[in-house]
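All chains are identified by letter, namely A, B, C and D, in their written order; residue positions are counted from 1 within each chain.
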Amino acid sequence: MAARQPVFESAEKETGRVEAFSDGVFGIAMTLLVLDIKVPPPGNGTRLAEALLRQWPEYFSYVTTFLTVLIMWMNHHKLFRHIHRINHPFLVLNGLLLMGVTLVPFPTALLAAYIGHTGERTAAAVYSGWFIVIAIFFNLLWRYAASRGRLLARNYDPVAVAAITRQYRFGPLFYVAAFGLAFLNVAVSVGLCFALAVFFAVPERSARR
Amino acid sequence: MAARQPVFESAEKETGRVEAFSDGVFGIAMTLLVLDIKVPPPGNGTRLAEALLRQWPEYFSYVTTFLTVLIMWMNHHKLFRHIHRINHPFLVLNGLLLMGVTLVPFPTALLAAYIGHTGERTAAAVYSGWFIVIAIFFNLLWRYAASRGRLLARNYDPVAVAAITRQYRFGPLFYVAAFGLAFLNVAVSVGLCFALAVFFAVPERSARR
Amino acid sequence: MAARQPVFESAEKETGRVEAFSDGVFGIAMTLLVLDIKVPPPGNGTRLAEALLRQWPEYFSYVTTFLTVLIMWMNHHKLFRHIHRINHPFLVLNGLLLMGVTLVPFPTALLAAYIGHTGERTAAAVYSGWFIVIAIFFNLLWRYAASRGRLLARNYDPVAVAAITRQYRFGPLFYVAAFGLAFLNVAVSVGLCFALAVFFAVPERSARR
Amino acid sequence: MAARQPVFESAEKETGRVEAFSDGVFGIAMTLLVLDIKVPPPGNGTRLAEALLRQWPEYFSYVTTFLTVLIMWMNHHKLFRHIHRINHPFLVLNGLLLMGVTLVPFPTALLAAYIGHTGERTAAAVYSGWFIVIAIFFNLLWRYAASRGRLLARNYDPVAVAAITRQYRFGPLFYVAAFGLAFLNVAVSVGLCFALAVFFAVPERSARR
């Protein structure tokens, strides 16, 4: 296809660099999460096994966040299968989304530090609230690219595109629910974030690819 | 095109690796910024929401720096659409630019730590001063590559190239202004850096791509 | 080949982005390990050379872990020579494997901190135990991709594929042994992990490529 | 060319992934260096400008190390223009070289912390000594790949290859000199490391590409 449409070929190359850059940012953000899991200081009288188990909020936040960012990366991946061209506003919108992703280690560390302490509601609200922000950035990016096929492949499939738009519209709502729940019950709010990560990781039958 | 011009094909491949390497460095520098946003220690008597709000200089520096480095990445991207070949001095100049970019987390952390404390003028001067240095490295890189079309595509567009050269000449001046303002009024100096980041993020009509 | 099989061409591209993303994650995880090697604070009365030598568990853990993750990366590399297509469950399984890899700096830091202190058995058990988990994720990824050639090249070599499946089945067992040994003798357990890293780094004659 | 030599095509793709992985590791190692430059704590009575100037060993080590790793990356880049195939031992040798590179932030932080303190000779010896190790790994990698053209392009240029081999033979010697000087005069030893970085960054006339 590329060989027959030289105009697209160069566009493809552009997308390539944005994708590689985004991949790098996603990958680093996911890898930096480990820095929040602290080694219990040796020789403090507690048995190490016990000290490690007591750190469960760090592991729990780690897994929830890692899976959530993984799903985001997969969604980013999926969008870029449809997007073939780039322009200045698109790069900025993608940059804002990446800013959202790179900040994720902060609310994660916040949640890990505050589960079980005074302030855990605020921490849980910041955690789920930040995912609302990212979900909004995802919507902005996709809508800008997809609106009247602006940056899509010339022969894009309007049905598939409309399906993504519809699906993305509901994404933020789940995190709005988790955000509201944070003020009522932290365990339920954080549990919902975890459940969402697992739910989206399990493949839907209709969208196997 | 590549198939018909084997000489360019190998040059293209060279640029590819430099671009990928540079993308990695930009991406990591942008992601490391989050390490400067510290989690307030739990159980210190302050309400978490209040403690988080009091940290606004960290968020402000984060956003300003992230957007600024994003713009730099987009500019780097834009230059490499014109640059088709590489040589030893070019790799060194690109390396100096990357050195400038990787250092950015330091003045950012400095600014975040000193806003509102004694020394904030010095911090703001270092912050904007460092962007002058990077702007100069950008000029050196571009002028070396573009001078008499040294590393550009054979069929490069002299008008577009001259437009970039002109545009880049003024880049450092804005940061020189922010640098000078740092000694008079920190808020205005830092506000200018923020405004510049936002200004360049908003697309110009004439350069949509 | 790509030119003749347009279906594969797009599949190839998909694998490309997953590989690049995975490479980034492996590379960052390997590079972050250095953050666990601490500079002895100056002016504390001990001679620096002595202070550096006393830190040998940090160097030992560093080398063992680096080589182990390097082998994992080479194995990942090797699997992807056979894998040509991707789908949603595969991306999730690959993500779980990467989660395993990104966590590696934590057990490494744990081991470095506890060798020679109370709790070293627990630390050694966590260290080797984590490699069991990663080995299991590797098996899940490969079996999902290879089972009835699900995601392999159309013309895949069943003998080579079966050889990999067989080889991978035994991978976790070595780490199960190291895990069990951790409760008897830490030096032997950790030495086995080191020996495994070196053993797999030395090329087998039959699998030179 | 690729289209006519399918065997090389797949080999080329292999090198591609090793190069991308290595680029990532080089880039991250270079970017992590900034974490060693600490922000002076606010409100400690010293003027910030003065406190920043007193940190000159951190900046000096940063620049020296950054340039040195940049040169290494450029050399890696240069070698891979000749190397077209990979095999298991080559990946391990490349991995050892990357291990050397990822460790570089440690001797750099050591040097920055000890310049001007007791132990600075040891720190300078470790710093230059580590570059000897990396130079040896570079020699091993290149000699393995180049010996009887093992992994080079089929139509490799024996004169260019022999020139690289000769050049690399002398690389470690400069760092052996810096290592020996560390025990006599730290300033001269570290100055030599800096001079070497600058010297190799300035292009030689005969090897412009």
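Just so we're on the same page, a residue touches a chain if its C-beta (ideal position, glycine included) is under 8 Å from a C-beta of that chain, and two chains touch if they have at least 3 such contacts.
A quick note: this is a predicted structure, and the numbers were derived from the prediction, not measured.
Under the touch definition stated at the top, chain A and chain C share no contacting partner at all. Taken over every residue number at the interface, the positions common to chain A and chain B amount to under half, indicating a different-residue contact. Among the other chains, the CA centroid farthest from that of chain A is the one of D.
For the pair chain A and chain D, the distance between C-alpha centroids works out to 35 Å. Spacing of chain B relative to chain D, judged by their CA centroids, is 25 angstrom. Within chain B, contacts with two or more other chains are made by residues 20, 24, 28, 32, 35. By the definition of touch given earlier, these chain pairs are in contact: A-B, A-C, B-D, C-D. Listed in rising order, the residues of chain A touching chain C in the complex are 1, 3, 19-20, 23-24, 26-28, 30-35, 37, 39, 41-43, 47-49, 52, 62-63, 66-67, 70, 73-74, 77, 201-204, 207-209. By the touch rule above, chain C contacts chain A in their complex via residues 3, 6, 17, 20-21, 24-25, 28-29, 32, 35, 86-89, 91-92, 95, 98-99, 102-106, 109-110, 113-114, 117-119, 122-123, 126.
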